[in-house]
Amino acid sequence: MDAIITVENLQAFYVLEVMGERKVIKAVNGVDFAVLRDEVYGIAGESGCGKTTLLKAIFAALEPPLRIFEGKVYYYPNGERVDAFSLAGEARRKLRWTYISYIPQGSMSVFNPVKRLRITFLDFLKSHVGGKREEELLTLAREHLVRLGLTPQVLNGYPHQLSGGMRQRVAIALATLLKPRVILADEPTTALDVVAQRAVLQLLRDVQKEFRSTIIVVTHDMGIHAQITDRMAIMYAGRIVEEGLTKDIFARPLHPYTRYLIQSLPKVGDKNTKESAPGSPPSLLYLPPGCSFHPRCSEVMEHCVQEIPPLKKINESHWVACWMREG
Amino acid sequence: MEALRELFRDYRFAVGFVFLVLLAALAFLSFFSPYDPVRWLQVPRDEPPSWKHILGTNAKGQDVFWEATFAIRNSLVVALIAGLVSRVVAVLVGFLAGYKGGVVDRVLMGVADGLLVIPLFLILVLVAMLLREAMTIVNTGLLLAFFGWAWDARTIRAQILSLREREFTQTSLLSGNSTLSLVSKEYVPFTIPLIFSTLISNIAWAIGMEIVLAILGLVRLEIPTLGTMLQWAITRQAMLLGHWWWIATPLALTVILLVALYWLSVSVSEYLDPRMRIQRIGAR
Amino acid sequence: MTVILETKGVSKVFSLGSWLSRVHLVAVDRVSLQIRQAEIFTLAGESGCGKTTTARMILGFELPTTGEIFYRGKRIDEFRDRKAWFQEVQAVFQNPFETFNPLRKVESYFFETVFNYHLRKDVKAAQALIEEKLQAVGLSFQDVAGKYPAEFSGGQLQRASIARALLTNPSLLVADEPVSMVDASLRMSIVNLFRTLRDSFGVSVVYITHDLATAYYVSDRIAIMFRGNIVEMGGVEEVLGAPKHPYTKLLLESIPEPDPERRQEKAMVFLEEREEYLRRGCKFAGRCPEKEEICSREAPQEVMVGGVFVRCHKHAR
Amino acid sequence: MRFVRDYLIPRLVQYVLVIFFGITAVFLIPRFTGQDPVLEIIAQIQTQGGSLDPIAVRKLTETLQELYGLRGTLWEQYVNMWRRVFHLDFGPSLFQFPTPVSELLRIYLPWTIGLFATSTLLAWLLGNVLGGIAGYFSSQSWSKILDAVIMVIRPVPHYIFGVLLLILFAYVWALFPAGGLMLGRRTVVDLRFVMIILRYSFLPALTLVVLGGAGWFQQMKLLVQNVRREDFVQYAQAGGVKERVIISRYVMRNAMLPQITQLALVLGQVFSGVLMVEMVFSYPGMGLLLYRAVTRGDYNLVMGIAILSIFTITTAVLLLDLLYPLLDPRIRHR
Amino acid sequence: MNMKWFWAIVIGCLFISGVAFAQLPAGIPREETLIADQLSGRVGTPGNFNLWAGWRWQDRGIQQLLLEPLWTVDYATGEIIPGLASGMPEYNEDFTQMTIRLRQGVYWSDGVPLTADDVVYTIDLHVRNAELPYHGPMAEFVEKVEKIDDYTVSVHLKRANSRFHSHFLDRWGCLRIMPKHVFEKVDNPITYEFNPPVGCGPYVLYDYDPAGFWTLWERREDWDRTPTGMLYGKPQPKYVIIQGFESEEARILAQLRHELDMAQHTPEGLKVVLEKSDTVRAWRREWPWVVNIDPCITGIMFNNLVEPYNNREVRWALTLAIDIVEYMAIAFDSMAPVSPIHLPPVPAYKEAFFTPLEEWLKGFTLDLGNGETFQPYDPEVPFKIAESAKKRGYPVPEDPAMIRDLFGMGWWKYAPEVAEKLLKKNGFSRGEDGKWRLPDGSPWKIDIVADVNVASHPLRNATAAAEQWRKFGIEVTVSPTEARETMILKGEFAVCDQWPAAEPWGAGVDLSRTFDPWHSRLLTPIGKSVALGPGGAARWCDPRLDQIIGEMEVTDPFTAVERTKQLGIEALKILIQEMPTIPTYGYCGAVAWDEYYWTNWPGAENPYTQPYQHWPNLKYMLPFLKSQKK
C-alpha cells in the first residue's frame, strides 16, 4: 500500500468555555483511514459532522479551541513517515504548499482583497521557492494557470472582479501552484451554480491528471463524489460510518445513512417522490448513546441504542459501521 | 447579569470597571465634602500629602483630595453630557442617512462632512469665547456634544449601509415591521458595540477637549474639573515648585479614567462583537 | 388557470465598478413572465443570470428600471403600502442563517409577523397559529422556542423560514435558491414542502435555482435565464425533457449526476459574467457549441416552438 | 459619462457647499463674539500708556475701520470678503497691522508644514506600524507592555507632556533648547541651519509624535486584531507565506484603509494639540497664530487661516474620496 | 523593529542634540550679550518698526533701545529724565505756548544729526495726518509749530494746556520724534515699515526672527552721540536680545539655563527661579522679592451707571465686605502693598500724598443712618498681612517701618456688619439662605468681567474679590473674556477687574493723568466707547472733581508744585468718599535677574532706575551693568 496520508484513531475536539462551563464538541471522534497515492478520496457528510475539522487536523492547523485528544496524522514526504502534529513551525511551513495544500471552502475572502492576484501568487511562491527573480516566478505562475486551462490574465485583476466560479478555480490554481502531493479540498463547489461546479470539477480532475496529486475532497453533495472520487468515506457525527470504492458505495450502499444520501438525490426525468433522511444531524455536544444515527434510522434495533457499532470490513475495500451488517 | 458576570472574566473589563466605580465613588464623595470647592483658603496652603490632607493642599488653600472629588464629578458630567447627547445625534443621523439613503443621506452627510472639515478647534474656541460666561458644566458638555457627533454618525451610517444589504432586513420587512422597528430590532443589536465604543472614545475625547479648553482658560475656571485643576496647577507652577501632588492628582485621575474607559471599550466591544456573540450562541 | 402575477418587459440596469472602470449592466432585460395560481414556477440559470434581481423586483425590494409588474391585474406599486403587498407575497431566501438576524431569536420573527399583520390578537392565539404553520413544515414550536439561528441546522432553519413566510397565508411564495445552502441530504425535505404548499394550500411558488434536478422534480413550468434574458420558457417536461436552447442543454449536462458511471468528461468553455453581459448579439454565443455567424451579430428574438418560448436563432428560422 | 453626472458632480457640489458654508460660518462667528478689534487696539494703546482724547479715538476708530474693511453693514462686509477671497487677498491682519494675512501665512506655513504636518504623518506612520505589529503579536509580552505604556501616555495632555519633556531634556539633561530658535534673517541654509532646526524642533515633534502616535497605535492595534482573523490572512498563514509578508501586505495593508480616511479628517483636528505644543516650546506655527487671532478678534487672520485649512482639508477629503478606489479596489460607487 | 534602525535613531538623536549647542546666532558672544524677556510676547509684525503708526510690539527694543523720547519718567527715582530735550518744557504765562530745547550733539543712528527740524516735522505730520494715533491731541491743541533755531522748537497751542508736554513724556509710549530725513521720503507713513529702523537710542537693529520671537540689537559705535551715552556713559552689553516666550515654563527654564538675563515672571515663577538658581536675584533680595514701586494701582471697577453700583453706599458696603488680609493672600500671596486710595504706594507718592492724607483717613467717617457712624480706616492692615504671611511660613521682617514699606500704609476695615447695615439701609435684604437680595427682591448676582490671563493682576483681583463677596453672601461669578477690553470700554459690564484709576505719571506730584478721565464732559453713556481709559470706563463724575481738573489745566506742574499736590489731595479725598472704584494694591512686578553674566541690577537696595526690561528706561540701566566675563 502506498499511503500518502494516514490518520490513526484521531480524536479532535473543540474545548470551549461558555459561561464558565467547559464544553467539549466532539468533532472528530476516533477516525482511522489512509489515503493512497494518486487517488481522489472523498469524505461525505452533512454540515456539522466533523468533516471540516478532520481536514484541519490533517492539515495540522490546530488553533485553540481545537485540540487533539488522541491519535496521529502521518505525512509521507520523500517516502519517510512524519508525524504531522510534531512538526515545528518552519518545518511545517515548508511542507505546506509543497507537500500538502488546501483549497478553502468559500474562495470569497481568501485572497487579499486590496492586492492584485499576481501579488498573492507571488507571495505564495516567494515563500517557498528561493533564488528566483520575481519575473521568473511570475512566469511560473502564468504557466501554471495556462496548464490548468485558465487565462493568465486573471493575475492582473483583483479578487472581487472575478465571478464565484472563476475565483474558486483561481483558488485551486493557487493551491496547486507548487504541485503538492496532497490537496485538501473543503467543499470546493458549495455555493457555486452547476455550471461553475462543473468547471471546478473539471479543473480538479485536470490537476489530478497533470500532477498525479492525491486529492481529498470533502463535500456533502453526493453528486460531486460520484463525479470525481475514487474512494470515499461517509462521515456521521464525528465518525466514519462507511468507506469504500465510490462505485461500490453508489452501487451497494450498506449503511442506512448512506442509502438516504443516495436515494434522496433527484434526477431529471424522475418525478417520483423522494425523501430526505428524517430529522437533523445530532449536535456534536450531546451525542446520542450508541449509534449516533439511531434516532433517524428506519431500521433501528435495540442494540443500536446501547453500543457504538465498529467499522467492519465487508470486503477488500468496503467497510461499514452498522449493527445491521454484523455477521 | 449573566453578561456582566461573563464580562468580569476579562481582566480588562474587571479592572476598568473597578476603576470607574472607584472614580464614580470619588465623584459621589464630593457631596460629602467638608469644603466648598469654589472657596479659597479653606486649609493651609501648599502642604504635601499628610493624614489630614491625604493628597495635600494647593496654593489656593484647598484640599486637593476633596477638590479632586468635585473635579472628577464635573468632568464626568461634562463628558457624559457630551458623549450621550452626541450619541443620540450620531445614532439618529447615522441610522437615518444609512437607511433612507438618497437625498436625506446626501444632506446629512454633507452637514457631517462640513463639521468635520472646518477646523473644529477654531469653532470650539470661537464658541467657547462667545459663551464664556455661560461655559458652565452643562453648556461645556453640550458644546462638545455639538461637535462630537459627525464622525461617529458617519461610522454608524456605514454600518447601517452594510446591514441594509443583508437578507434579514428583507425578512424583517416581510414580517411586516415598520422602518422604525426594523432599525431598532435588526440593526441596533449590531450597532451597539459600535455605538458603545464610539461613546467611550467620545467621552475620552470630551475629557481631553475639556482639558484643552481649560488650559486655554476658555471655561469657567472656578468650577473644579480635571481641566481647571490642571490649569490652576500649571499656572501656579505646581510642577516646577515641586508641588507634585497638586498636578499629579488631576493628571493621574485623567489617566486612570481614560485607561479604564479604554479597557472597558476594548473588552465590551469584543464581548458585543456579533461574531463572538454568534459563536457563543452556537456553542450553547 | 388564473394568472396571479405577471411581469411585462421588466428590465433592471446596474452600474458597477469604481469610477476608474465603470460599466452598466442590464441585469434583467425585458423579462415578461406569468405565474399562475397554484403552480411552481422555476426560474433557473447560473449565478449572475438575473434571476435573483427578477425575484427582488417581484417582491418590490427593487424597482424596475423599465417595465411593469401586475398582481392579479393590479400594478404592485399601487398597493396601499408595503405591508399590504407582503400579505400577498412572501419570500424564502438562500441562506437561512442570513434570513434571520443571528443576534435575535428566531421565534421573534414569527410573533412579529403575526402581530404586525394583525393575524391574531394575543400571544396564545399567535402561538397556536405559529404551531400550525410549523407543523406544516415538519417542525413544532418546541423546536423553535427560545433559539437563536446558530442553534439550528440549515435544513431546520430553512423550514422555519418557510413556516414564517406562510403565516400570512400568501398567494405567492418567492423562494430564492432555497436549497443551495442546505445539505444535499436535507434538500428534499424542503423541496417536497413546496409541492405540499401547492397541492394542499394552493400557493404559487416562484422557485429560483440553478439546480435543474430539483427544478424538474418540483416545478410545473420553468424559465431558463441567461445573462438577463429568458432564453427558454415552458412546461418543465417540455423544456427539460427536450431542451431546445443550447444553454438549457448545457445546464442539464452540468448537473453532477449521482452516478460514478456517468461522469461529465466533456470539457467546456467558461466566460466571465461581465464579459457576457456586455456582449453584442446573442449573449451565449461565446460558449455556444452550435454558434452561427448571425449569433454574434444580432440578438435573437423570442419564438414559440411547440408551446415553449425559445430565444435562439436556430429556432427563429 | 454617467460617472460625472451621478458621482463627480454631486461630490463637487458637496465640496463647494462645504467650503461655502464653512467659510460663511467662520465669517459670522467671530462677529458675534462681541469683540471689536478696533476698540481692542485703542484699548491696548490706552493701557500701554498712550493717551488719547475723544476726538482722537473717533478719528482713529474711523481710520482703522476703513483700513480693516470693517465698514458698512454685515452684508457689505460679507460680499467684500468673498471678493477678496477670490483674489486670495485676506486683507491686512487686524492685530498685526499692517502685515497682510497672506504674508503671515507665508511666514508660518513652512513652520507648520515642517513640524506639524511632518510629525502628524510621522505619528500616523509610527503609530500604525507599531500598532500593527503589536496587534499582530498581541499575545506576546512586549506587545502587552508597549500597549500598557501607550495606554498610560495617551491621555496625558499635550501641554503637560510637553513641559515634562522640556524639564527633562532642556533642564535636567540639557540636551535640547528650551525654546527660542536663534535663526535670523541673515542665516544661510547650510548643514548647521538644518541641524539647529532639527534640534529645536525635536522636542515639539517628539511630543506630537508620541501623543499622536499613541492614538493611532491603539486604533491600529484593534483593527489589526480584527483583520488577523480574516480568511485571507489565515489562508496565507496556511499557505506558509512568510510572516513578514503577511504582516505588511495582508494585515497592515488592509487595516490601514480606515486609518487613511481618518488621517485626512484628523488633519483638521490637530490644531488643539499643536497649539499647546507651540505654547510650551515657543514654536512659530499656525496653531498659536490662529488662537491669538481668534482671541483678539483678528477677523481677517481667522478668515485666512480658516479658509486655508478648510480648503486644504476639504480638498484632501475630496481627493481621498476620488482616489480611494485605488487604495481599496473593492470600493464601488453606486 | 530592526536593531540597526534603533541605533540609527539613537545616534541621530544624539547628533541632533549635540550639534550647535550654542543658542545664539553665529558670531554673537554670550558674555557680551544681554538677553531680556519681552513682556508682550512674540512680535506679530516682525519686519515692522514703525511705532508711530500704531501698536508694533514696542517693547521688543524699539522703545528701550532704539528710540529716545524728549523726556522719560522714572518712577523709581520720581524724576523726569530729559532725553532729546536738554531740560524741562517751558510754558508761557497762559500756557498757550511750549518751548522745547534740544540736546546738542545727538545723532541719528545713520549719522544724520538730530535737529529742531525733526521735531517740527514730527508734530506737523501728526497735525496733518489723521491716521496717526497721536493725531488727535496734536490736531486738538497745536496751532503752529515753529523752529526757533536748530535746537529750539516753539509749539503754539490753540488753548491753554499746562500738560501738553505729557504727550512727549515717555512712560510706556508717547509721541517720539521721527527722523525727518527718513520719513519725508515715504509716501504713506502708516504702511511704511521703517525697516531698517533709525533712532537716537544707543542701539541699532542687528537681526530679528522673521517669526517674531526675538529681536537682536547691537550697540552703536557712536553710542556717545546718543542722550543715553551722554547722560550715563557707555551701555555695557554689546548686544541685547529681546526674546518672547509663549509659556511661563519655557521662560523659567531659559533663565535657569542662563539663557535669559532679565525676565518678568508670575510670583510663582519667580519663586521657582529663586529656589532653583544660585545666580538669580529679584528686586528685593529677601521675601517678598517683587518690585513694589510700580506706578499702577490694581483693584475693582464698578460701572457707576448701573444699578445698584450707582449708589455710593453700595460701593462702600462692597468695600467693607472685603477682608483685605485674606484678599491679599488670595490675590498675590500677601506680597504686594495695599493702598486705600487710588494711587500706587510708590515711595514718591507715599511722601507726597499718603503721609499728608493719613490723619484725614483716620478721621474719615461713614454715615450709616440713624445717627450711627463708622470710621473705616484701618492703619493696622499691614501688620495683619505681615502676621498672615508669617503664618504661611514666609520670612517676614519685624521692623514696623519695613512692614509698612512692604505691605502699605493701611486699608479699610473688614466690617461685614457695617456693610450689612449700609445695604439694609438701601433696601437690600438677606434671603432665607443667607444670600443677599436686591431691593427689588431678586437675588443679587455679580458677574465680574475679567481678564483671561490667569497670572495677571486684574484676574487675581477678580478672583479675590469674588471670593470675599461670596463669603459675604453674594452670588459671584468671574467671567474671564477676551472681549473684556471692548466690554469695559463700551460700559457693557457691572463690575470688572480693570485698574481702578489711571496710573499717574509716576514722577512729580502731577496727578492729572489719574483724574482727567473722570471729567464730566467725558462721561460716556453705556454702549459707546469711552475715550480715556481706564478710569473713564467707570462712568463716574463729580462736580467737585470737575473743578479740580479745571484748575489743574492751568497749573504748571513744574513750577506750582505745592498747588498741584494740594489739588491732588483734594481730588483723592473726593474719590475716597465716593469710592467709584475700589483700589486694592499696587501693581507688583515679579522681576528676576540672572547675575551669571551681568550684575549691578537696580535692586531695592540700590534703586538707581526702574527695574523693568520692557520700559523705555532700560537704556538708562545698561550703562550701569557690570559684566561677569565668563
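Each chain carries a letter (A, B, C, D and E) given by its place in the written order, and its residues are counted from 1.
In the analysis below, a contact is a pair of C-beta atoms (placed from the backbone, for glycine too) under 8 Å apart; a residue touches a chain by one contact, two chains touch by 3 or more.
What you see is a predicted model, and the numbers here were worked out from it, not measured in a lab.
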Fewest touching-chain hops separating subunit A from subunit E: 2
Relative to subunit C, chain with the most remote C-alpha centre: E
With centres defined as the mean of Cα atoms, the chain at greatest distance from subunit A is chain E
Contact pairs, highest-scoring chain pair: D-E
Distance between chain centroids, defined by C-alpha means - subunit A, subunit D (Å): 55
Distance from the mean Cα position of subunit E to that of subunit C, given in whole angstrom: 89
Chain centre separation (subunit B, subunit D; CA means) in Å: 23
Intercentroid distance (Cα basis), subunit B paired with subunit A, Å: 50
Listing for subunit D: what residues touch at least two other chains? 33-34, 163, 167, 295, 329
Each of the following residues of subunit B touches two or more other chains, namely 129, 239-240, 284
Residue positions on subunit B within touch of subunit E in the complex are 38-41, 44-45, 59-61, 129, 132-133, 217, 220-222, 231-232, 235-237, 239-241
Contacts from subunit B onto subunit D in the complex sit at residues 106, 110, 113-114, 116-127, 129-130, 151, 204, 207-209, 211-212, 215-216, 230, 234, 239-240, 247, 251, 254-255, 257-259, 262-263, 266, 269, 275
Subunit C residues touching subunit B in their complex are 59, 61, 82-83, 86-87, 90-91, 93-95, 98-104, 108-109, 112-113, 116-117, 148, 150-151, 161, 164-165, 168
Please output the residues of subunit C touching subunit A within their complex, sorted ascending. 45-48, 153-156, 180-181, 183-189, 191-192, 210-214, 216-217, 240-241, 250-261, 263-264, 267-268, 270, 272-273
Touching residues on subunit E, where the partner in the complex is subunit B: 248-249, 252, 266, 268-269, 271-272, 275-276, 326, 329-330, 333, 392, 447, 452-455, 463, 466-467, 470-471, 477-483
